[in-house]
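Chain naming follows the written order as A, B and C, and within any one chain the residues start at number 1.
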């Protein structure tokens, strides 16, 4: 099977390489910077897309291997033999994808071998781990004769081929356990799976879906490779699968509905919640629609309907597993998890790599029956078909897409991940002229501030206001600075707020609004200085030596112009000239606990003042709990 | 032989006494070197439990303060879920964690009905983080009780054995039936926990904390594994033989019929 | 404008530099593999290695060519010297890299960097004019040759203006944006265009020589492909 020149194949391979490229860069970031840096996983949703799709879905897609092996060897369905090799290969690569996906997901992948030696037979995951390991080995041995039969290891090949039957049966035993143990995994977490999905018979359900998935996946895989390689699909054989598939689907639907009624959770079916909608959607595409299409005879008539049925079953059952694995629990655990693009990219990349490996193997080894290939190609031999393709044309376009994917991923990674943590930009943008509408006469007057670019034209009570984005989420709060200053008593009161002691605050800690207390801040804005000093001509105002490299270390110091600001803390925040001045203000917490508090303590001691000063936390930490002095500190009582 | 659950170490927290000072939080932070609170964007304020805050105080309306920490269940779901035994229930009661064995699957976090274990997401070598009841410090003789209980200025949270503390709790409720709810949180939840709480208000637990021990649910399925494994194997071998025999018989029958037919033909 | 500049310096630059590094690496590898396959298939497996080496060195150090077409070669050498040295050893660039990933190396004095930059701009102008005006130049050049030449000059021109704000008639930030973006563009198109010669120039002579070594039955295949088997060509 060698048709490297076909355009659709080259496009498909290019796309797969692109995803592999993206995933490669994300992988590096994930292993260097940790899970938190690239995933949206949280303490509330410790399992995300990588488990839900890669592991749960990957194992599901691999189900074709044991289903077809059982059909051929146990049920003596010799006519299905042409499907066997591709199915086993899909299963093997599917399991490899699962293993790789797991390496990404688990926090300490270098410990992945430990379940082999630390036996915890009470853990469902322990069973899963063992099954993955053993079944992967069995699949490798089962498929090994294919690449080996064209090599010179004849005796080994023969030995492996003669062991096929025991291997197949062992494979079926392991698959039964493994597919069902994925369901067992969630038995211990009733709080995380919606009652429509949570049932003590989850293991049984997963086994049934595995059988359905196996058949669906064989159909999909056969049709897709047929399309890619312009091969004739094994429609007659595949159609023989539809009857058992329909039986499986009906059984599945019946078991699920009966189980729901027996457990008395039928009420959730029609409560109109999004979970119930999801349930019906899932049931419709996984069991309902495919059964109708099969029983209605559509699949027997059209290859397309057959493909569509396969696709529906695969998609529906993978959806079922993803739903059990997390989606259905969103409402219960009250989490807003949505996978980050890095997670999606990694999942796609792992699947793409497995697909590329699949294509690589079927192009080089005897996986598909001869005679089914090149049926369409025969008719098209023209001069055009032997057009010159430079050596490794596929490799060229594919690897180029790998490079583009990797570069794109590298560009999209957060700055902090690539270069390490950087100080945040100052959260203050502004000032703007805004409309202020008085909404209450209480003291202090509460104003409704409206950001209106046409404030001047509209008229009304116009204020100068600052735009603050304290938590850097891109949403600015309009802050009426003048009104605050006025209320606090004019210029003398700057320190009231500029030490973040909010007036009349008894309940909230500063950090509940000001998460940026922990962030180092870049307090210098170059553009504003350029603008206010008069554009390009004014560079020399600060960069007095224009020939020297113009950096922040090599420039006139702030305090030389802003003399009036020295008194209110700027000096404390910016290192004096000559030292390492990078205009980064330390975080407020650091400033208070590291810089401010120390001096204030000393000064207090000199003056014999004890209360209330900055030296005591209680001045700022105004909660009852915080008012008591910390034990580590001795406070003068007199 | 594990000592019975009643001799397990335990903590009794009395919500009516707690003044919400968070001395326990700071005590824990110091004793376990958890580091300072880093706010994550998804956290409900820094007050939520995190990898650097193993115990915290939830503020209920009306100045009621409820301490939250790992509950050291009598049959812990996390330890039973752990595939490598990194989390385990000690004979003394605390559920302890060994980071060097952990493979980071986070199944414990999925399994915990109280949603307690936290993860150091920002680290390239992450670990599960939760209260361990200062097990190592007490075992080594460095301390006589957990850092949190020793830090409490008003004895709102006290350390003892489970049996003893249950008795104390019952006494307090009996002495002031008008103040306390007649319920000891942790006596039966999830099969009983090492952390007991008595309160004058209802304590909201994460949605459906069951009363049965969760490991039982998994065990019900896992128990059948060897039988299923061997059963499926035997069934498959048997089926293969049976179907093979059927085909064989049919073939023989067909052959015989064909022979008969040809014999008839030759007779004619 | 500041935000645009942040995007240009951050994601856009990272994209460009990654494309350049990985793309160039890939080109080297694919080139090596191609030569290997060609030679494996070739009927005549002998390569005139000495001649190839001589030709390669002749193109790497084009002193021979200086004698043949004096102005063109001189301009080209000035252009190349400026294009390579000025951006790599400019103090501001080295400082940026130092801040970002902590790597640094010796730098050029600013005045020398200015001279090299101006040299590059002048050199490129002369090359451009000669390509347009002389017959051979016109005949050998494609549209992309001119485009790339102009594109290459853009970051140098804007960079010079950024360094000398007094001479700059445009707003500082805008000039900076043009500088960064055009620089990124050059890096990003490097593996796709003739600019790739910065990495595969040493191999071009070898590749073109290898390309003339056909497989043993190549001639018959051509005949078959054209449907003219057994016909004299």
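The rule is short, and it goes like this: a contact is a pair of C-beta atoms (placed from the backbone, for glycine too) under 8 Å apart; a residue touches a chain by one contact, two chains touch by 3 or more.
Just so we're clear, the structure is a prediction, and the values are computed from it rather than from any experiment.
Visitor: Please report the minimal path length, in steps, between chain B and chain C on the chain touch graph.
Guide: 2
Visitor: Return the chain label for which the distance between chain Cα mean and whole-protein Cα mean is smallest.
Guide: A
Visitor: If you average the CA atoms of chain B and of chain C, how far apart do the two points sit, in angstrom?
Guide: 62
Visitor: Using the average of all C-alpha atoms in each chain as its centre, how far is it in Å between chain A and chain C?
Guide: Chain centres of chain A and chain C, defined by C-alpha means, are spaced 38 Å apart.
Visitor: From the mean C-alpha coordinate of chain A to that of chain B, what's the distance rounded to whole Å?
Guide: About 26 Å, centre to centre.
Visitor: Which bits of chain B are touching chain A when the two form their complex?
Guide: These residues of chain B touch chain A: 19-23, 26, 38-42, 45-46, 48-50, 77, 80-85, 101-107, 109-111, 113, 115, 117-127, 151, 153, 206-210, 214-215, 217-222, 225, 228-230, 232-233, 236-237, 239-240, 243-244, 247.
Visitor: Flag every residue of chain A that touches chain C in the complex, lowest number first.
Guide: 25, 383, 386, 390-392, 395-396, 399-400, 402-404, 406-408, 410-413, 415, 418-419, 525-527, 530, 535-537, 539, 546-551
Visitor: Of all residues in chain C, which touch chain A in the complex?
Guide: Chain C reaches chain A through residues 1-2, 10-12, 14-16, 18-19, 22-23, 26, 29-30, 33-34, 37-38, 91-92, 95, 100-101, 110-111, 164-166, 168, 171-173, 188, 191, 225-227.
Visitor: Give every residue of chain A touching chain B within the complex, in rising order.
Guide: Within the complex, chain A contacts chain B at residues 31-37, 39, 41-44, 46-47, 70, 73-76, 105-109, 111-112, 114-115, 118, 120-129, 165, 169-170, 172-173, 176-177, 180-181, 183-185, 187-192, 200, 203, 332-333, 336, 471, 509, 511-512, 515, 518, 623-626, 628, 630-631.
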